[in-house]
Each structure stands twice: as structure tokens, then as C-alpha cells.
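Structure first, commentary second.
Which chain is which? They are A, B, C, D, E and F, in the order written, and residues in each are numbered from 1.
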Amino acid sequence: MNLIPLPRVVIEPLVRNALVEDLGRAGDLTTNAIVPAGLPAHAVLRAREKGVVAGLDLAKLTFELIDPAIAVQVELEDGAIASPGSIIASVSGPARGMLTGERTALNFLCRLSGIASATAALVAAVQGTKAKIVCTRKTTPGLRAIEKYAVRAGGGANHRFGLDDAILIKDNHVAIAGSVSQALRRAREAAGHLVKIEVEVDNLDQLQEALVAGADAVLLDNMSLDMLAKAVAMASGRAITEASGRVTPASAPAIAATGVDLISAGWLTHSAPQLDIGLDFDD
Amino acid sequence: MNLIPLPRVVIEPLVRNALVEDLGRAGDLTTNAIVPAGLPAHAVLRAREKGVVAGLDLAKLTFELIDPAIAVQVELEDGAIASPGSIIASVSGPARGMLTGERTALNFLCRLSGIASATAALVAAVQGTKAKIVCTRKTTPGLRAIEKYAVRAGGGANHRFGLDDAILIKDNHVAIAGSVSQALRRAREAAGHLVKIEVEVDNLDQLQEALVAGADAVLLDNMSLDMLAKAVAMASGRAITEASGRVTPASAPAIAATGVDLISAGWLTHSAPQLDIGLDFDD
Amino acid sequence: MNLIPLPRVVIEPLVRNALVEDLGRAGDLTTNAIVPAGLPAHAVLRAREKGVVAGLDLAKLTFELIDPAIAVQVELEDGAIASPGSIIASVSGPARGMLTGERTALNFLCRLSGIASATAALVAAVQGTKAKIVCTRKTTPGLRAIEKYAVRAGGGANHRFGLDDAILIKDNHVAIAGSVSQALRRAREAAGHLVKIEVEVDNLDQLQEALVAGADAVLLDNMSLDMLAKAVAMASGRAITEASGRVTPASAPAIAATGVDLISAGWLTHSAPQLDIGLDFDD
Amino acid sequence: MNLIPLPRVVIEPLVRNALVEDLGRAGDLTTNAIVPAGLPAHAVLRAREKGVVAGLDLAKLTFELIDPAIAVQVELEDGAIASPGSIIASVSGPARGMLTGERTALNFLCRLSGIASATAALVAAVQGTKAKIVCTRKTTPGLRAIEKYAVRAGGGANHRFGLDDAILIKDNHVAIAGSVSQALRRAREAAGHLVKIEVEVDNLDQLQEALVAGADAVLLDNMSLDMLAKAVAMASGRAITEASGRVTPASAPAIAATGVDLISAGWLTHSAPQLDIGLDFDD
Amino acid sequence: MNLIPLPRVVIEPLVRNALVEDLGRAGDLTTNAIVPAGLPAHAVLRAREKGVVAGLDLAKLTFELIDPAIAVQVELEDGAIASPGSIIASVSGPARGMLTGERTALNFLCRLSGIASATAALVAAVQGTKAKIVCTRKTTPGLRAIEKYAVRAGGGANHRFGLDDAILIKDNHVAIAGSVSQALRRAREAAGHLVKIEVEVDNLDQLQEALVAGADAVLLDNMSLDMLAKAVAMASGRAITEASGRVTPASAPAIAATGVDLISAGWLTHSAPQLDIGLDFDD
Amino acid sequence: MNLIPLPRVVIEPLVRNALVEDLGRAGDLTTNAIVPAGLPAHAVLRAREKGVVAGLDLAKLTFELIDPAIAVQVELEDGAIASPGSIIASVSGPARGMLTGERTALNFLCRLSGIASATAALVAAVQGTKAKIVCTRKTTPGLRAIEKYAVRAGGGANHRFGLDDAILIKDNHVAIAGSVSQALRRAREAAGHLVKIEVEVDNLDQLQEALVAGADAVLLDNMSLDMLAKAVAMASGRAITEASGRVTPASAPAIAATGVDLISAGWLTHSAPQLDIGLDFDD
């Protein structure tokens, strides 16, 4: 996998913010009261269930910003599959900083690994087809860059990053424009030459209109499997086809079998449960 | 319910950040290309499933920051129960701003309502007992204040907000201190007079030690129902008892029946699925 | 022209920052020493040379943030052509705030109008051809969003907004990959479905390679007019053609006559002189 | 030259902001797709035209923040004159970071070197006279500190940094006060003991009034050469004399020959074209 | 003393902000004009009066952010008592950075040491009693975390950090609620299980009401020594007793002798004079 | 008095920061638990001792940012003298917001009024002489702009705002340069034309050297009254004379009587006690 790492200038503000949020106005009362300064410790980040790892750079940076003397040795890179009990990384250094940073590091790592794991489950479900799994803009406010990264770590691809980097004409836009073709015409006039245009269609008539009007991609929302297959046949390569709605590991194989290019699922970023990972200290 | 509202100075930076993240460097290409400036619209925020509403102030502020001409009329306050189809609020004003702000407003509202709904399900499961449902520090980095608020909207209570506002001695702290009583002694020396001290205990011997040492609260982690009941009896009011581990709406009644004061569940904030809410435009 | 306005959440931090930079640690010493509080004034923003206006929202916000009692009445919208002496807007309110905000408002307005005017000159030079004028990433650090907006106000189009929203394979990338086709292959594997891929080619052999490998666009850098024409013929609609290098109002017509789709010019944002606009107070 | 370097705490936020602006939400798609991680490279920052270098600390910091493994060896310090082809610095390290940081580093370096070069041209034009070249507050919003630095690198001096660090009475202030002497009286009352006071005068009567009222400096705006000479004679050392308006390398010698102390030019910071500098990679 | 250090992520923004505030837009004019680059220097931070040291991490970070080549060797840790002439730390490195950072480092160190010293004087005055000295929310805006830290360095304890981490019912709250018991009832309903509740009482009747209603702590504001003693007797361990009002080193022993648990003094953070510490350079 | 008001863009970040600091992560627990939403209240800001008011804009903005429905009616402007019991302003609106904002508003107002009052005491002590009272850079980190404003409100004047807006050569600079004249020579070469140069001198020989070298001002640090008088006579108007060291209301008259132009006192900003002001609610 060729996974573009998150630049440090992008993640550092997120990690600093999370640490300040947790340290509050007085720091870690418990650890400083109980753990002697300088006491060394060793621990491992261990998966407690099967899944795909994502977010190690954020976890590493958490410990580094708490105490540069903490060393993190990565065993499983982002994108790798962890089994229950797998050691993801080992962490060594002053015990105080390790205990203070533990929760923040895990909050990043478990959330992103959860998204990566959910994505990987969908990717596995469509293996052997040409369908790619993509995410949406239904992300956690403030964390879009890292959640989209986690989707990539899980083998998925990214849809639009924001309202500004592609045109996606939704049903409400179509309603205001009057028709799919009218909406596409207006979009084409306004779009730059590197901006692709996608339009949501509800039925095959609208699809036909979109194809004629030259849409780059069509969003086939909540269509039956039967209609999806007809839509793919009708598009026949003239536009990228994207299916969305009620996508689960169970439903995905049949959706993919219709021949669509993309299958998008908002829940990957808004409702995927975290992956359970713990920081286990040596006794 | 006496729900403390989130101060505007606290949420405004979150909403601004989310909007900038979505608007990117060029704004909403689609809406500006297709929707005429000044065109009025009316829509409703409608629940698509049953749940508890939370986050309306964030949704309202989203629209206000996009265009102050957008008016939001709230029908169901935070903390209210929405049925499938319930109108939560109506939104009127320039169509452009409503379409541009839609996703950001929903990203806040659906996430927080999801947390509130999950909390409410646990609260309902323990109704009739004295147990309170509480959350943890396993929150989304950067969103702790609003996620803890959503727990309160769902009828739950908040545990620590950060490492600095209470002492919670975990198993690793106990291991380093040598014993529960030794850890408590160090904590007591360091703690201010308004800081309560809780300690995690694994068995009844440790519990006894904690009670003797004067812990304000004890965290009974992953104990069997039987042991929980014994622990409650042993504590007999000398310390607040908190149960944690594998808490679900199904398991919660039996846990509550042991007589514990608090039941904590990290998944409320790290893995609760969103509540499905949509913005439906009038035709 | 359908010019997407800059969202207020995007420009407000820029204007606040500029005001703080100018007001420093003690505010406007001169104006506060000399001008009585509450003294009313009226002035006009007047063009001192011909050009295209851009940046009025930034100028308006400057005055609003200094003193909400200042009213700005716009006479020429962004994108309109101002003649020498044209009144762009009238400004009324307390004299103190108008004098204090004058320089900051003009610093935004003159710079952006300069970029819009330079763009409009190139657009005019290629009128009647299909060529569009586009800008580059050679923008002022921190001001990219508003400078790209100014290019649109001048009738131009935007190329990439950043390293993340399209793939543009430069000569150094080709050198590292070993060949144009090898570079395109790697890019295609990594790119999302809405990401277009452009590659810089130095000669017709590379162009042929790019076309075969399926590039969405080709950057024809510093080619002679003759070679440009051959390149356009060779591409014959299979890829968007973009010419760059030594583009001026004088050279642009001949470049456009070769039939290229796009003509890009970095100097629009890095070296265009400002448009001279002044704030003239009524006597 | 004794050039005060820009403190790192001042420039670091500018560089971080510029990098985030360019990296956007997904990082450098092209480079990460094509260039293998860890591949080493070597390149030089080379001038493509003659000029004065300024901004190397910003360029160095750009690369350092992208990847601390990139080493920059400076060959020509800020303030030095580069000839076409001169190597300004050599850059070595991982190719990915070098390609990712290239544009941002150059955007700083080319802009500031452009300002320094324009300043140096004016400084050269007045060599042999006592006139100093100074800049104004007509700077790029947000970049004033570094643009004023570039003027110093070019051999110029700085006028006010903001509205708060000196008093400069403009024509509009004079009009409101009623007269030059009245304006100066009010300013003198309000000014601290380390604040110098300058006043703009339009004719010799106003100049006389300013001298009698004890102005520290007089701004002689758009005066003919003849009148400038008379003004200098009239001032005869009682106040610093500053000429402004239509200052170019061609007009500057004659202006300087009138004996003025300072010659100010707003275009140095608002309209100077960039200096063409490239990052040339070894083959 | 077990003094919880201030996390670097918490203090770094404060130090950066202070440095930018002092360096302004052009840096240290004086030092750069006069001191050769690279000239080494050695100096000591020396107490000029007796007091308790606090804030060394901030002083160290100031020098580090100015120039990482400056080394600070601490001789007296935070919380230690300095005598007049005591060397607190030695500072070595480039003279420029030492002179540039001097004032900012001292502004932090002298202020925090002043608070610590004032606290220590009160702590000494009540030695031998059980009374603890605590601070209030009357802190310098923006510096609460470090000022509360300074109180701890002086041997004091911290009261609430903000409006959100404990309930403190003041006289105005009681007036609105109608009675002490009514206010306590409402507070108890709203408070989380780890939140302690304190109520201000003006007389013994209100105290009795507070004790019956189960307040965790009572604030005895401006009571006579006689009444304080009666209040302590009445509380007899059922609630923590806190005396406030007119607390000075002279009055504190008698107040403590009444048996109160806590003595709070707002002036520790709002009016304590700084401790005089200088940076003495070797000749 | 012509007191330059603090621009809102300058103070708003300070007030927002202070509010977030106090509201923390859950808001005002006490007030929200006890005070009904919407309950109206009326209160007055009342001086509890004599002094000079400063900081009302900050107090007003505090309440406005908490709840725009709170109205503040100012009775005594900044710079006015309050007697014990004087009503400074009246505050009306929802009780919740008034109670929540009370402490933050007072923290600003009491601190700045304390500085203004201390300044006014020194100003009064030197009345009838030509000496002006000035402050130093010994300010609270992050609050310099508002503390310098408070000095002006008290009738004082401001010295340098930072290291960048004037040259002040201290004893350590002189030591490094080798002599006063050498230091002045280097400073003069580096300084812009609007930058004044002051030098600290320890004795009359150094003073003579400074005068010959053309210093704009001389800092006479810790000189005896006798030597101050001799220094003033020696300077005889060629340079501004500034006395510093051990300046109190008691010592100031004699210092001023020596004829110095300026008397500076660091303690005005680093050690002035607050002015006691309270928010008294109507019963």
C-alpha cells in the first residue's frame, strides 16, 4: 500500500490541542502524586481485537510532546492488520509521561484504527470486484484530514475533502436548478478544468440526462440492486458510477456485483466503533 | 432536566474550525454554481430514527456564521426525545447558506444526538435503581466539552473532565505505588481540599484496603455481578461505588441491581453510532 | 460572471490579523490625537487607474471590525471594471475609524484588484480563442484563497489550490520515476476517482507517452509556438493542454492561437502590481 | 551590513501557516505517489536573474518543518547580491520533503528577494547622496514584519511599523485639525517622549508652519524637484525631510540631489516583482 | 514538596506569546545593533531579596525559544527559598539571545516567585496549625494555570480552577435561591459525583442550615475570630471550613487558631508584589 | 485627558481567552444549577476604595460575550477618579450571565484600575514639576498593551512597548560595546530615522560621553538626588533625562525637583495592588 503520511504540521496542532484538553489547568494530578519523577517504564500498545492499525504518528507525537525522552518503537505500521494480542508498538521511557499521555494517544489510535478496520471490512467484502470503497464528508468536525487518512489506511479511497474540491450536485441542488441537465450546465460553466463533476440521480431517466449532459460521475443513491445494474449498463463507462445507501459488509458484495465503480459509506467516519487497543505496562 | 448550556465562547471556535475545514480554500463550488443568490428556502431538521436530541446550539451557530439571515426555530430542545419523523427545528433563509451549512450542522447534531441517545438507553435500562450512568475520558480529541455535554443531555452524568480535576488511581498507578493504600496515601497528600479521590480495585482485598485508607470512590472494573454485590455491601456507603466494563443496555440492569452508585461506559463517547437526522427542504 | 464569494469565516481571521498588525500595541496614535471622537466623515474609494475591482468584502469587513458604525455602500462589485476616477464604494461614519482602517482596507483592495486586473488583461488578450487563463501555486504565503479569488474576479480560472487537490507531475517527478509513463502509472494507482492527473512534458515524445498513459492534462512548459501547435494537434482532445512560460498580454494571443485549452501564468499572483485605489475624504 | 535577523518565534507561525495552506487536507499527492520514501536528493537554490537575496531563514525553516532530515547549506546570506546562475544555498536530504517544501520555500524567498532587489536598485540610484530609501505601511496583510525586513536586506530603512509606533499626520488629519500647526499641537500633547512626529505638507507655507511648530520630520509629498530643493533649504536641518511620490530608479537620483534625508516608496512592498529563484535538482 | 510541574504544552503558548509581544515587528533593535553575533556570555539569575522561587521552567523555555544554544543550569528548584544574593540559576550561551530574552524570562520568574513568596509567608504564619493556605479565582486573565502553580510552589493549595470544577455558592446565589438550604438542594441535584459543593455563609444560622443540608465545605467570609471559632465548633468535622477576608501574615495566626481548615486569600494572585530577581552578567 | 481607547480587535482575544479559562470544560456549574434561566437582575460596579478607573471596555466586552442581552451603563469613564462607594457602572440583564461574567470582568477591571491608581499617585506626587511618570517593559506577559493603557489612564506616559520600537542601551550593552560612545555609535548606525536612542548611564562621566555622542535620552539609574541635579544641569536640554530606581509617592517629589524630564517605575505594572471594586446586586 502506498499510504501518504499525514504531515507533521497538520497533526501537531491536533495533538497539542488534545493534550491541553486533557491536562487542563493543573496537569495530571494522579500520576504526579503517585509516580516518582524519573522512574522508567516499558509498555506495549497491544490490540485487544482484530483490526487495521491507523494513527501511529499521532500516538507517537502525543508521547513526544509530553516527554521527548519517551521512545516509541513501531512493530505494525499504519495499514497493517493486527490480531488480538498483537503488539503494535513498544513504548519506553519515564513512567510519568507514559501514564499522562496514555489516554490521549489511545483516543487517537483507537478511533482511527476503528475507521480503518471498518473500511477494511468493506474492502474485503468487495474483493474481486472493481468496486472501490469511499468515504464521505460525514466526518467528525475538526478531524476530517485524519479520518480520511484512516479510510485510506483501511484500503479505501477518499471522496471530496470539502465543498471546494469537487462538485457534487445533490437532490436539493437539482430541485432548485429545475433538472439534472440544467444543474450540470450551470456547474460546468463554473467549474475549473481540474474539477470533476458528480451528480446524484434518483432514477434511470435522470441518469440518462446526466450522461447526456456529460457528468464525470453519478451518485446512485439508495437504488435497488436491479436498478443499480441497469444504471451501470446504461453508463457503460461514460461516467464513474457510485452507489450509496445501506452499505454494510453484508450488503456490499451484491452491490459491488452490479458493476459500480465506487461504493460510499458515511458510517465509516461517523459511526464506526473504535478498535480496542490498550497500553499494557510491564509488571 | 437542568442542562447547563455550552457557553458560546466555548463552541464558537469549534464551529468556525469545522466550517473552515469544509469550505476549504474556495467555498461551496456546487451551491454557488447552481443556486441563485438570495433565493429563499425553508427546511426542517427531521429525525429519521428515535433518539435524544443534543447539539442544537452548534447547529444554530453553524447557520448563523454562514449567513446571519438564516433563522432557526427550535421545536425540540436538547435532551428531548425525537421519534422517527419528528421535526427538531425549522430553518429558513437564503438557500445558499442553508445548503452550504447543512453538512457541518448535521455532523455536530447527529454525533452529539447519537451520544445522547446511547446514554439515554443506558439510563432507561437502570431506571428504578439508584445507579447513575457516567462517561469517561475516552472522548474524541478536541470535542470533550461537547461530548460530555451530550452525555448530560442524555440523562447521564460526567466523570472527570481531564487529568486535572479529580484523582483516579488506575491499576498501573497502584502497581507503581506498591499497594492501594500506599497510592491513596500519596494522593491524599497531594490533593487539594476540593479534589475527590477514586481508586480502581480488582478484588475485595484491595477494596477493603481502599475503604480503610479513605478513598472517596472506588472503581470496580470488570467484576462479576456477584463480586460487585459483595463490594457494594462491603463499601456500605463509605465510598461511592462505580462499576465499569462491558456495560450495555442488556447488561446494565443487572449491574445496577448490585447497588452500585455509578456505572461508567467509555463507548458512549468513543463508539456510539450517530443519530440519523436529515435536513429536508420544502419542495 | 458567477463569482463565488469568499466565506466570512475564511476572510475574518485574515482581516483581524491585518488590523492587529497595523494597530500594534497602542492603536492609531495620530488619529486619536488629532480627530475628535464621534466626528462624522464621508469618503469614497476611488480608482486612480483603470482595472478590475476585487476584494470589497475584505475592505468592508476591515471597516466593520474597526467600528460597526461605519457604513460602506458598494458602487462597483468585485469583477467590475473601474475607470480612472470611478467611485468603487462610498464610506460613511465616524472619521476616526475610517482613518484608522484606511490603510488596511486599501492594502487588501489594491493588491487583489491588481491581481484581478492583470488577469483581465490576459483574458482580454486571448478573447475569441478557447484558451482560459489560469493561475498557479506561486501565491503569497497565507493569502492563497483570496488571491485565487482575485484571479476568478478577473475572469481567470484556478489551477490547483494546493498539493492535495490534484496531481501535477513535474519534471523532477518524471526524472525520479524514470519516465513519463512510469510516473503516470504510479500516480494513477494512488489517485482518488475525483482527482485529475496532469503531467509536465518537455517534448513531443514525452507528450505521446503521456497521452498513451492516459493523462487527464498535459503541461507544455516553455515550448515554442510551433511545438505548441503540434502538441495540440497530437493531443487532439484526448487530454487538456496547458501552456506555460513567458506569458504576457503581448505573447498570449499567439499562444492562444495554437489551440491550447489553458494558459497559466505565475506572475498573476506573485508579481502583478497593485491597482491604485485611494480613499478620498470629502472636504 | 548589520541586518537584524527575524526571530524564529516571529516567523515560525508564518511558515507553518503557509505549509498547512499548501498541504491542505491530504498532503502532497503527487510526490508521495511517485517518489519512494527515503530516496535521497541534492539540489541548489539558484538565482535566475540578478538581485539581492532575502528570506533564507524562512526557506530553511520551511524545509526543517517538513522534514528535519533536510539540510540547507547557505552560500549567499540575506543581503548579498546574486548574479544569474549564482548558487544561493544547497539543499540535501530526502527527496520527498524537498519536493513538497519547494514551492512554499520559494514563495517566501522569491517575494522577499524581489523586495530586497527593488530596494537595492533605489539605494544604488541615490548612492553618493545622503538620502536613505525607506518603505511604507503599504505592505501585504500579515507579512509586514518580513517585508520590512526585506527592505532592510536591500539596504533600505524602515518607516513606521504600524499606527502605534510613530505619529504621521496626513493631509486628512490636517484638514480635520484645521491647520498644520493645530494638528502638531494636538499630536505633541498626546505623544510619548520616545515618539517622533512627522507631518505631511503640500507646500512651503505648510512647511514653514510645521517647522515653527517643531515637527521632527516632514513628508514632502509629490513636490516638484524645485520645490523639494526649496523645502530642504527652508528646513535646513531643523526637521528630517522625506520625499515621496513617483519614486523610481530613474527619478530617484534627481530627488536625492535636492538634499532630502529620506525617500519613501510604497511600491517596494506592494508592487515589486519577485526575484526569479529556482530549486534545481541534481540529475 | 511534591510539586506537579507545568506541562510544556501548557506553558509553551504563553512563552511564545510573551516573546512575540516583546519582540514586536522588528526584534531587539538595541542588542542586534550593539552585540556581535556569536559573542558568548555567562550570567546568573540572582535573587535580590528573600523569597520562594517559582517559574523556572518558563524562564528556561524563554531562553530556549530565543536560542537553543543558551544553557540554563538550575541551582534552586521551584519551591526553594532564595536568600538575598542567592544564585537561582546560571545562564550561558550567545550574549544576544540572553539579552533579548532577559526581560521576558524575568517577567515570568519575578511575578510567579512573588506569588510563591507571598503564599509562603502566609503558610509560615499558620505553621503548627492545621490550616492550609488557598488561593482564589482572582487571578491574572490568561495566567491562571501558572499563578495557581506558583501558589503550590509557595506551599499553598488550590481552590477551584474555574467555574466548572467545583460548586461554590456565593451570597448572590443564596439570595436568588431564597435560602442556603434551597441553594444546596439545587446544587446537589445538578452536581456530578466527583464535584464537591461549598457554600458561603454569613452567620451561624446559615452555617447550621448548610451543615444540615450536607455541604461539603463552608466559606466563612469576613467573620470575626470569635464567630469563626464558634463556626468551627459547630461544623465539628461535618464540613470543611474555609475562612476568608482580610488575611495577612499578621492576621493569619489568629485566624488559623480558630481551627479552620482553610484560609483563602485573593491577594496572593491579584496583588502580591513581584520578587526582585535580576540577571547579572559576568564582567 | 485624550486617552486612546484600546481597539476591539486587540482586546477581544484577551477577553475570550479569559472567559474560556474560567468557564473551563463545563461552564458555570453553580449559577446554572441555582439561578433560573431568564431571571433578570440589576447590579452596580462599585469602588470600595479611592482610585482611578481603567478597563471598562474589557469589563463590558466580558459581559457582552457571555450574553449580549446584558447592558452596561458607564457612569465613570476610564481615567476618572472613583471615591469609596462610587458607582462606576450599572449592569442589567439576565442574572445568569451577570454572575458568570462577574469574576472575569472584575479581574480585568481591578487589575487595570490598580495600575491606573498607582500611576495617578505618582503623577500627583510630581504635580507642579515638569516630570512625567512613565512605565517600563516589566509588564505581565501577554497583557502589555492593556497595562500600558492603564498607565495612560492614570495620567502617565508610556516608555517603549517592546524591544523593537526604540533603542535603550543598558549597562550590559555598554559593557559589551566597551564604552557609552561606542555603543551609541553602533546604535546610531543601525537605527531608523524615527527611532529614538536612549542610553543608561551610571555616572557623570558616562553622561558627558552620551551627550557628546548625541543620545536622544539618558537613563539615570539609581542616582542620588544630588547627582541627578548635576546630571540635569549637564544635559541642559540636549537630551531627555529619565530617572529610575526606588520611585515611590514619597520619594518622587524630590526626584522631580531635580528637574528630570521623566521618572520611570517598573512596579506600576509588576507590583501595583489591584483596586478593590465589587459587583453589588440589588436585593
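A few comments on the model shown:
Convention: a residue touches a chain if its C-beta (ideal position, glycine included) is under 8 Å from a C-beta of that chain, and two chains touch if they have at least 3 such contacts.
Because the structure is a prediction, the values reported are computed rather than measured.
Among the remaining chains, those touching subunit B and also subunit D are A, C, E, F.
In terms of residue-numbered contacts, D-E and A-D present the same interface, as over half of their contact pairs agree; the other options in A-B, A-D or E-F do not. Rounded to whole angstrom units, the spacing between the C-alpha centres of subunit B and subunit F is 44. With centres defined as mean CA coordinates, subunit E is found 52 Å away from subunit C. Each of the following residues of subunit D touches two or more other chains: 2, 4, 21, 23-29, 32-33, 100, 144-145, 158, 161-162, 164-166, 186, 189-190.
The part of subunit E that touches subunit B in the complex is made up of residues 2, 4, 132, 134, 157-161, 164-166, 186, 189-190, 192-194, 196, 198, 216-217, 240, 261-262.
Those residues of subunit D that touch subunit E in the shared complex are 2, 4-10, 144-145, 148-149, 158, 161-162. Looking at the complex, you find that subunit F touches subunit E at residues 14-15, 17-18, 21-36, 39, 95, 99-100, 103-104, 106-108, 110-111, 114, 137-145, 161-170, 172-173, 175-177, 183, 186-187, 189-191, 195, 267, 270-271, 273-274, 281, 283. Those residues of subunit F that touch subunit B in the shared complex are 16, 19-20, 23-29, 32-33, 65-66, 100.
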